[in-house]
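After this come two complexes, each holding chain A, first together with chain B and then together with chain C.
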Partner chain A sequence: MDKRMTADEVAAELRDGMTIGIGGWGSRRKPMALIRAILRTDVKDLTVVSYGGPDVGLLAAAGKIRKLVFGFVTLDSVPFDPHFARARQSGAIDVTEYDEGMVAAGLSAAVKRLPFLPMRAGLGSDVVTTNPDLRTVTSPYADGEELLAVPALRLDVALVHLNRADARGNAQYLGPDPYFDDDFALAADRCFVSAERVVDTADLSSAPAQSLLLNRGAVTGVVAAPHGAHFTSAAPDYGRDEAFQRHYVACAKDPEAWPSFVDRFLSGDETTYQSEVTRFQEAAA
Partner chain B sequence: MAEIASLSAAVADLVRDGDVVALEGFTHLIPVAAGHEIIRQRRRELTLVRMTPDIVYDQLIGAGCARKLIFSWGGNPGVGSLHRFRDAVQHGWPVPLEIEEHSHAGMANRYVAGASGLPFAVLRGYVGTDLPNVTDTIKPITCPFTGETLTAVPAINPDVAIVHAQRADRAGNVQMWGLVGVQKEAVLAARRSLVTVEEVVDELEPVPGGMVLPSWAVDRVAEVPGGAHPSYAQGYSERDNAYYAAWDTISRDRDEFERWVERVRSGEVVRAS
Partner chain C sequence: MTTARRSESSDNGDDVTRAEVAVVACAELFRDAGEIVASPMGLIPSLGAKLARLTFAPGLLLSDGEAYLLDADGQVEGWQPFKKVLDVVVPHGTRHVVMGANQIDRFGNQNISAIGDHARPDRQLLGVRGAPGNTVNHRTSYWTPKHSKRVFVDAVDVVSGVGYDNAHKAGQAASRFHDVHRVVTNLAVLDFDTPDRSMRLVSVHPGVSVDEVLEQTSFPLDTSRTTETRLPDAEELRLIREVVDPKTTRDKEVPS
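Take a look at the complex of A and B:
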């Protein structure tokens, strides 16, 4: 079954109020072409689950997020995303801030179709006081220990970016880390994968079996998106575009400058974005 | 950090009477030679743990090494019953055997909980089966969010986990590939661990689908070529199906089985029947 579609077709599948999970990690292998497509729609009130990077910043700046469930939001080489910092400080978005391991446990519970999983992380920390909806669970055995219960993070849609995919939705990472993309995919009712290149199935066997992160049964749609993680990294295809990320941060910090960034880079389609990035890079060179 | 040792020294150092011992490996890479060494060293009162007790546990049970078995599914794969296991449960020969029966998913979750340092695991298994009626370690647990009743199983933290792998390097890092079961989880859950390997090499070349147990997670590595026989080690040996069939005859009869045990203890049986 050929599951290829465009980024705009993926974005058109989203509905107001949906819970969407975004793969990658900080400013690494984020499905940015899909995020940019969402910015071109009028979808709103999303609950976003993410190990956040500029995906969260851009969606927050566009007013798409009603609630964010996160372990962190960072641009890695730049500690804070200015849009997220502003939204967090002003209280413009609801937040569920977890420990990183708790986000993983919540996704894992959803993958296993369990309503919760027990864990030790978070106990004795302010994670419990700032998330009063959290509960504990008592071991039914002789130890009688009280553990934190992490509720499942079921997702309506997961968006992930990988290095390679075939048209059927088998998808492969070639970099150093799968992050939690497989859990995002399996925790969701539908997962859409963007990939640097869509290749023949046989070409996926040129890397070790461990690199085959998603099988087609977990994937609803595949988007060919060269440089689709830009300006985050998609190692080994490319590293993070640090100069462009600094430009993004400078504009995001400055309410006067941000509209012109949006106008230049985000108001057109993905082709326009990529060609403007090339012009930006040539001017900086 | 793992020490490279002989199999006999490793078993003598790590396995004590009364221990909870898990020999893991699913169809492939079953640590049979280590089981024979436990028989040779006449360990007693062991609680044996294994997802699929097959020939190696039939041998340990028949030799009187075990007082309890914690398991999910037991049998001689593709052949039939385990006659020594059956004799121990039905007639207490050579010693009585207590059993604690779980599902495969339950056992895997128990190792994962043990490896995670959690007291128990939560799953949806066991629903609609009689296992909760006969196994008192299977408990209901209520989701504190939805009120749904799920199943809890207690962590397993064996005193000793024993597994077989293809290779280790001289620093004791272990590499295995092919069909792996819960070896990683069993080793990480255990207080002590022994890995028998086909060979010790200078360097672990990466292998597709390969998994490495780091030296710091392992106590002893023993080089035992063919140590998984009659199961197999991918890339090294084929499964000896004739041995599984032959075991049925040996294990049916107490006298014939005792002659087999004597041959193991005398060192005549190093591997195979």
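Take a look at the complex of A and C:
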């Protein structure tokens, strides 16, 4: 049972118009090597569900996104992603803007094979007015409360990046936060995991058992992707590359600088990307 | 008057800065809060929450901005990943969040999503983030370092945090736990303790006039009970200057 594949093989599984969920949170543990592989394909018209960071910015800049389901897009240490801002301000993408908790509830409903989950979040806000398809549900019990019915966010494909995985697809996070990667995995028909290191199954036991976030039953493919979250963080393997993120932001803000960023970092394969990043870091040091 | 109060409040005779007044005003948000999660967004609210925990609100639980709860000594005392925040902490309601606001209106509706038409904004901001859920589930306050008509607007462009009028209109499920507590700015402290839950000027910071606040606000404010924001006492000043913010980062957010 060997599920190892390459990032390009994962990207080749995507089809125009698919709904894909992307794990991580903001500029933290994003499956960036898989995102970079998608940028090298012709796939388009994706609906993307994400606690958004530079994954959203890069896909938007490349014209891959038709619709984004999101609660925020941020680079954390830099508040706004310039590409996402431009995509919104030019009307290039459609959005379903939810409260952060509604995104979680929508994924959770999909995981549980429920049509919706009730919650308070969203009521009274413009989440309701900007998403006129949202419906409420009235409690059948004595309280009679009218709650928001957050529809299931079912995904065709989920992409997540974890610290360790084995070739069977068991996958492990070693940092402080699992984010929503397990929900993304189970809300999707197929989940592809990139990992800092693909190790023997026995090596997964060197950390506490509760770090084993995904079992192989939820995972279709495994990609060995060292520094695969760069420039987002993948604690404890590495932190966010703040200098590189600032470079990304500076180039993304400047339409004249962006093509050279693409040319240098994104037009080659992942090996080229990582070696150019090393050169960038050495030049900055 | 201001000078006299200063010498009463701090024996060392130092001149208290506006930033220090704002930190104390943010600390006061958590008075008598008990053992709840305080989630201050932004620098001054974070300093305020830390000061409150070191003084009159020792029960506060504070996160490191990632997945850990840290005690006053910096020791990890809990695990609070984002999923736990959204699944449990917010809906359970034992939390007081202090959010920023790109816009806020008379009834406490807040916008951090976008400026202009939501379909194609003039300026995309963060997104609504957790503001809709926070405001209908637990106590929420706001901090803005630049009190101006651009922030204090007649109507916000995208209702992210829910105000009193919209919570009421949305019904019992939205208003049951809705509790927009206060707004702290570089000029003043405001709340919604009026019959129609519209904004009230609680206090102006020392050196700020009521008229100055009114000039920087697009809508009328109830000023019938307005007082002056209290100064830090000597121990609070020491804690701010020596323990909570020895590098004086507060002056960058609120220049004197």
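Throughout what follows, the second predicted complex is superposed on the first by the 285 of 285 C-alpha atoms of A that agree within 3 Å, B and C clash if a C-alpha of one lies under 4 Å from a C-alpha of the other, contacts with A are read in each partner's own complex, and residues count from 1 in each chain.
Following the convention adopted for this analysis, a contact is a pair of C-beta atoms (placed from the backbone, for glycine too) under 8 Å apart; a residue touches a chain by one contact, two chains touch by 3 or more.
It should be emphasised that the depicted structure is a prediction, and the values quoted were computed from it without experimental measurement.
K.L.:
Could you tell me if A:112 is touching chain B, chain C, both of them or neither one (first, second, both, neither)?
P.N.:
first
K.L.:
Could you say whether A:140 touches chain B, chain C, both of them, or neither, answering first, second, both or neither?
P.N.:
Once the two structures are laid over each other on A, A:140 reaches chain B alone.
K.L.:
Examine A:120 and indicate which partner it touches, taking first as chain B and second as chain C; both and neither are also allowed.
P.N.:
Both partners, chain B and chain C.
K.L.:
Under the stated touch criterion, name the partner, chain B or chain C, that contacts more residues in chain A.
P.N.:
Between chain B and chain C, the winner on chain A residue contacts is C.
K.L.:
Quick check for you: in the superposed arrangement, does A:70 touch first (chain B), second (chain C), both or neither?
P.N.:
In the superposition, A:70 touches chain C alone.
K.L.:
Now for A:226: first (chain B), second (chain C), both, or neither, which partner does it touch?
P.N.:
In the superposed model, A:226 contacts neither chain B nor chain C.
K.L.:
Return first, second, both or neither, reflecting whether A:178 touches chain B, chain C, both chains, or no partner chain.
P.N.:
second
K.L.:
Tell me which partner A:99 touches in the superposition: chain B (first), chain C (second), both or neither.
P.N.:
Touch status of A:99: second partner only.
K.L.:
Between chain B and chain C, whom does A:268 touch in the aligned arrangement: first, second, both, or neither?
P.N.:
Once the two structures are laid over each other on A, A:268 reaches no partner at all.
K.L.:
Touching chain B in one complex and chain C in the other: list those residues of chain A.
P.N.:
Comparing the two interfaces on chain A, one with chain B and one with chain C, the shared residues are 119-120, 145, 147.
K.L.:
Quick one: which bits of chain B touch chain A in the complex? Just the residue numbers, please.
P.N.:
Those residues of chain B that touch chain A are 117-120, 122-124, 137, 139-141, 143-146, 148, 150, 152, 154, 206, 208-209.
K.L.:
Can you tell me which positions in chain A touch chain B when the two form their complex?
P.N.:
So the residues of chain A touching chain B come out as 112-120, 135-137, 139-141, 143, 145, 147, 149, 151, 208-210.
K.L.:
Note which residues of chain A are touching chain C in the complex, please.
P.N.:
25, 51-52, 70-74, 79-80, 84-85, 88-91, 97-102, 104, 108, 119-130, 144-147, 175-180, 183
K.L.:
For chain C, which residues are in contact with chain A within the complex?
P.N.:
66-68, 79, 81-83, 86-87, 90-91, 113-114, 118-133, 135-137, 158-162, 166-167, 169-174, 176-178
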